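Given below, in the form of structure tokens, are the structures.
One chain, chain A, links the two complexes that follow: it is found with chain B in the first and with chain C in the second.
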Partner chain A sequence: MKTPITFISALLAAGLAWQTAAAAPQSARVRVSESHYTLANLQGDMEAEITFGRDVAARILGQLKLLDAPEVNQYLNLVGNAVALHGNRPEITFRFALVQSDTINAYAAPGGYIFVTTGAFALMQDESELAAVLAHEVAHINQRHIVEALHIRGSDDAPEAGLARLVGGATDTARVAFTQAVDKAVEILFEAGLQQADEFEADRLGLVSATLAGYDPEALPRYLSRLEKIQDAKTAVLYKTHPPLAERQRAIAAMLDNEGLRRLPGASGLSRFNDMKGKLPQ
Partner chain B sequence: MGSSVNNPFFTARRLILALAGILLLPGVLAAAEQPLYVQSQQAAMLAEARADAAVIAQLARGDAVQLLDSNPSWHKVRKGEQEGWVFRYFLAAHPPLQQAAPALADDVDRDHARRRASAVVTAGATRGLTQQERERAHQQGVADYNALTRMEDTVVDSAQVQLFIQAGIPQ
Partner chain C sequence: MNCTKKMAGLGAALVFSLAGTAGADEYHYTNILIGDRASGMGGAHTAVSDEPSGLYYNPAGIAYARTSNLSASVNAYNATHTTYKNALGGSRDWTRSSSSLLPNFFGIVQPLGKGVIGFSYAVPDTIIEDQDQVFGNFPSALPGIDVTSYTINFNQNDTTYKFGPSYAQDINEQWSWGMTLYYHYRDLQRIQNEYVILSDGRRQWTNSYLQSSEHGFQPILGLMWSPTQRLAVGLTLSQTLITSSTTTAQLAQESITGTSTPPTQYRTGDEREFPLQLRLGVAYFQSDRLLLAADIIHNQAYDYDYGGGKVKREAVTDIALGVEYYITGTLALRGGFYTSYANTPDIGSTAVNYEEHVDFIGFTGSISRYTRNSSLTFGLGYGIGSGHAQLFANTTNRQDVDSTALTAYLSTSYSY
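Entry: the complex of A and B
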């Protein structure tokens, strides 16, 4: 009976593997199909992400001063939320703001906090380019790129669960780990950058969101083309933290063609963008 | 020659087949029945896996669809009698979650920014950093919770966003 027993063991292993694979989520980030993980768990993870993101956002604002221009910031929130409707995280309240810096960049903290420098805003020529940049940052948050990059593991090996454990922890150890995670997130944003694959993904998903929101699909490559011509201190951090622009442009061009985005009609939003530029503090 | 019913080989084979049925069937059913849910405000179901393909139907947030096929950017899904392609970005394996806002104190005097910022620091300290850690970071200029509060005060609701879209973005 040795052979049947071995076969049964193999069958057991194969069967369990098949069940695991069949029950597995579409991505490692979606775990609700696993029996022990519930919607309440996901809701708790998301709230932990917001708590964490607030402290990261406060640190960003410690380095880059919030621009005192309520009407322009309101406008950013309207454009940003218009593109965020075409994403996968309706549970997030997205908040957008201009921060004072001549450098050309944008930053996304977990939980929905997005910042655009006045340098980047000055380089944009219409609303569709602003929408493209905001959609790229929304995609970083939607795909939890920072949370993933922190490599915090929870009981089920998922980074969001690990973050929830840190946020919920009442011990000094948990608070120290939480502080270190905030430090690491800020370092990723200003120094180390995300993985290149995450930047390409944000380009790809941002392009989908902005285009399907009704904006010109050529806006992002147009903005990046203008950016390519600036090789000085204003773009040093962006080049350090992002893939080479030529590679991004090639991937974007392929995406526009392969996914049928290039031929879709799109608005530029030029006139109301120019109105807002005129309302910036001098 | 004995009956196959009493043959140990056939008994083992029956056991194997029974185990195979028990083990494989739930997996097959789970793979076939696991629904996906629309997360975006709306999602076009298209005739081909291209954004410029003919629209078969418009799905709304929360709609459940059955997964039929996938490629790196698209899922082929079924809803009722209709089948088509939807961007993967717009779908998830769970229903849309409830929106959550950051914890803010209820007893905040909104006319006094300094007091309000202090209350936000306090309210946020219910988890994560302690109140003292946040206040220290704020006082040292490492973090700016006043600015964060002003940022969070700039709120647009969904009706404003819809009006903004209708006014300037063709759908």
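Entry: the complex of A and C
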């Protein structure tokens, strides 16, 4: 008994002492078979992402009613697609819509489905702020944040995979897993939130694409400043699912300074935005 | 087992009095290798364990599983052949064969919160053994009397099942911990019939039956340490704890003197004990194609009271070595070597009533075909054992034993 315990103690002590050494991510464990993709695999992944996103979007619309304002929704699509053009996912057709809710938030379902609450729309003061929020959501989709978090992949139609499913009895399990993944995605959007790093990345990439689309680079921090002043039920979910606004503001400010974006001229689209606000159903 | 010894003791007046026979798992700690990658690598998996078979080898490893959901199953065919040389003298060997086909592993892992949960089922030991032999015209232990005919029919089914949940979590980027709590169930049935006809016309027959079932738990506590990106060290501690056991033995016989014993039952609730097992493994991920792994498995010496006697087991240290190499992105080859030494003392020339002592070494190999979400593996394992046994009680006679064990398995894994 004594020998193993002494040995284990020594091993633990050595391990803890080694803690000061550089971090050791587990990437070396990845085998070549895991990074081996075919074109069919990539095509399957994209189709799975869109199919999955459609289910998640349906769940969102089950909770939040789509606003019956075709002209305003068309406007959202115009602005949203303008910023999405500067992303890296030309294969995705983005769809934008307003949903009825006093809460201030926006939701991005995989596959290109983006929803903005009427509460958030009411807080915006010009088109550049709308573009900044939509660009943030587009970035979540472009970076496949939910898809990666839930490991959504295309089906495997290889004969070996069929045999594996058969022998392993995985068919029903896979169906259950898909439903669970949709539930999990809705939970991420409404309750748990994505990883904080994903939100910072969406801020960063959204800022770039909105700026490239010709909008005011300072629209996002302006919108967030206004948001910071609202501390009630309207923002409770947003605070729960996103990093603290002060931290986001610091990161955005650093990016604006470091990249020299503050000097860039940008459109506000104020008059068109106000026209659209006037067309919202009363 | 000691019920068998009691029966053997009763048989002292017989021409042949058999000693106790081991169950499948009595004397070795590595019987059937578990898992698809692990089996191909000789069971050297304690520092790898980043897929469902890690639930068995080192639950801390599943913290590094890289798919959201993963199931894996292994269906294995096992065949053993054991020869007890000169069991009855004059090159009259006893041979016992076993074959079984059964799913011996299923595991699934899935992220949960900050950790990973899993569930697995494993059959680390099974034997379905038969011996049907007839020997004739050889000298008996009685002066001037030969054995005209000796018939033995032996059948033994002994399987150990383990199933239960696991949980693992990162401690930081270098450490993870994990735990598996297996429910342990063993079912043993053994039937043995002997019929002897002597040259003077006298006869002897013996019928014995043994049934045993036991329930318990096996907690497995694992740690995984990654001091560098390519090196991993795994450590597990485990011990099987029996909570209830029922063993029933029955003997009926008639000796050469004409004395008959009606079916007599012996029953005991004594529980077997198991040693604390320490597995230490090292894995070197040389590249995304080449993996080298080695395990040392140490089982402590221990003893316990059972059926009025003392069971003693010696400390055993086994090793396992494995290599994995991906020829292409979809095809992997594995090879391995392992030892499975007996936990009984060697049988010396003056020993009496010693338990079988057979040491095994084994070689394994497998080939896997990968698709995006699945893998299909075919593997083979071949073990060779040699040692000694004392088939008959109350004598210093010992028999040389040669044994072979072949395992062929088909395993699949599927992630979704």
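What we mean here is this: the second predicted complex is superposed on the first by the 224 of 282 C-alpha atoms of A that agree within 3 Å, B and C clash if a C-alpha of one lies under 4 Å from a C-alpha of the other, contacts with A are read in each partner's own complex, and residues count from 1 in each chain.
Here is the rule we go by: a residue touches a chain if its C-beta (ideal position, glycine included) is under 8 Å from a C-beta of that chain, and two chains touch if they have at least 3 such contacts.
Because the structure is a prediction, the values reported are computed rather than measured.
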item	value
Contact breadth on chain A, by residue count: chain C or chain B	B
Partner chain(s) touched by A:Ala246 [first = chain B, second = chain C, both, neither]	neither
Partner chain in contact with A:Asn41 - chain B first, chain C second, else both or neither	second
Touching partner for A:Thr93 - first (chain B), second (chain C), both, neither	first
First (chain B), second (chain C), both or neither touched by A:Ala254	neither
Touched partner set for A:Leu150, first chain B, second chain C, both or neither	second
Doubly contacted residues of chain A, that is, touched by chain B and again by chain C	1, 4, 7-8, 11-12, 15, 18-19, 21, 23, 25-26, 30, 32-33, 167-168, 178
Contacting residues of chain A [partner chain B, same complex]	1, 4, 7-8, 11-12, 14-16, 18-19, 21-23, 25-26, 30, 32-33, 39, 42-43, 46-48, 50-52, 54-55, 57-59, 61-62, 65-66, 70, 73-74, 77-79, 81-82, 85-93, 95, 97, 111, 113, 127, 142, 166-168, 175, 178-179, 182, 204-205, 208-209, 211-215, 259-261, 263-267, 269, 272
Sites on chain C touched by chain A in the complex	50, 64, 66-69, 71-73, 75, 106, 108, 172-175, 223, 225-230, 232-233, 235, 237, 276, 278, 280, 285, 288-289, 291, 298, 300, 326, 328-330, 332, 369-376, 410, 412-414, 416
Residues of chain B touching chain A in the complex	8-9, 12-13, 15-16, 19-20, 22-24, 26-28, 30-31, 34, 36, 39-41, 44, 48, 50-53, 61, 73, 87-103, 124, 127-130, 133-134, 137-138, 141-145, 147-148, 150-152, 154-156, 158, 160-161, 164-165, 168-171
Chain C-facing residues of chain A, complex	1, 4, 7-8, 11-12, 15, 18-19, 21, 23-38, 41, 44, 150-151, 153-156, 158, 160-161, 163-165, 167-170, 173-174, 177-178, 181
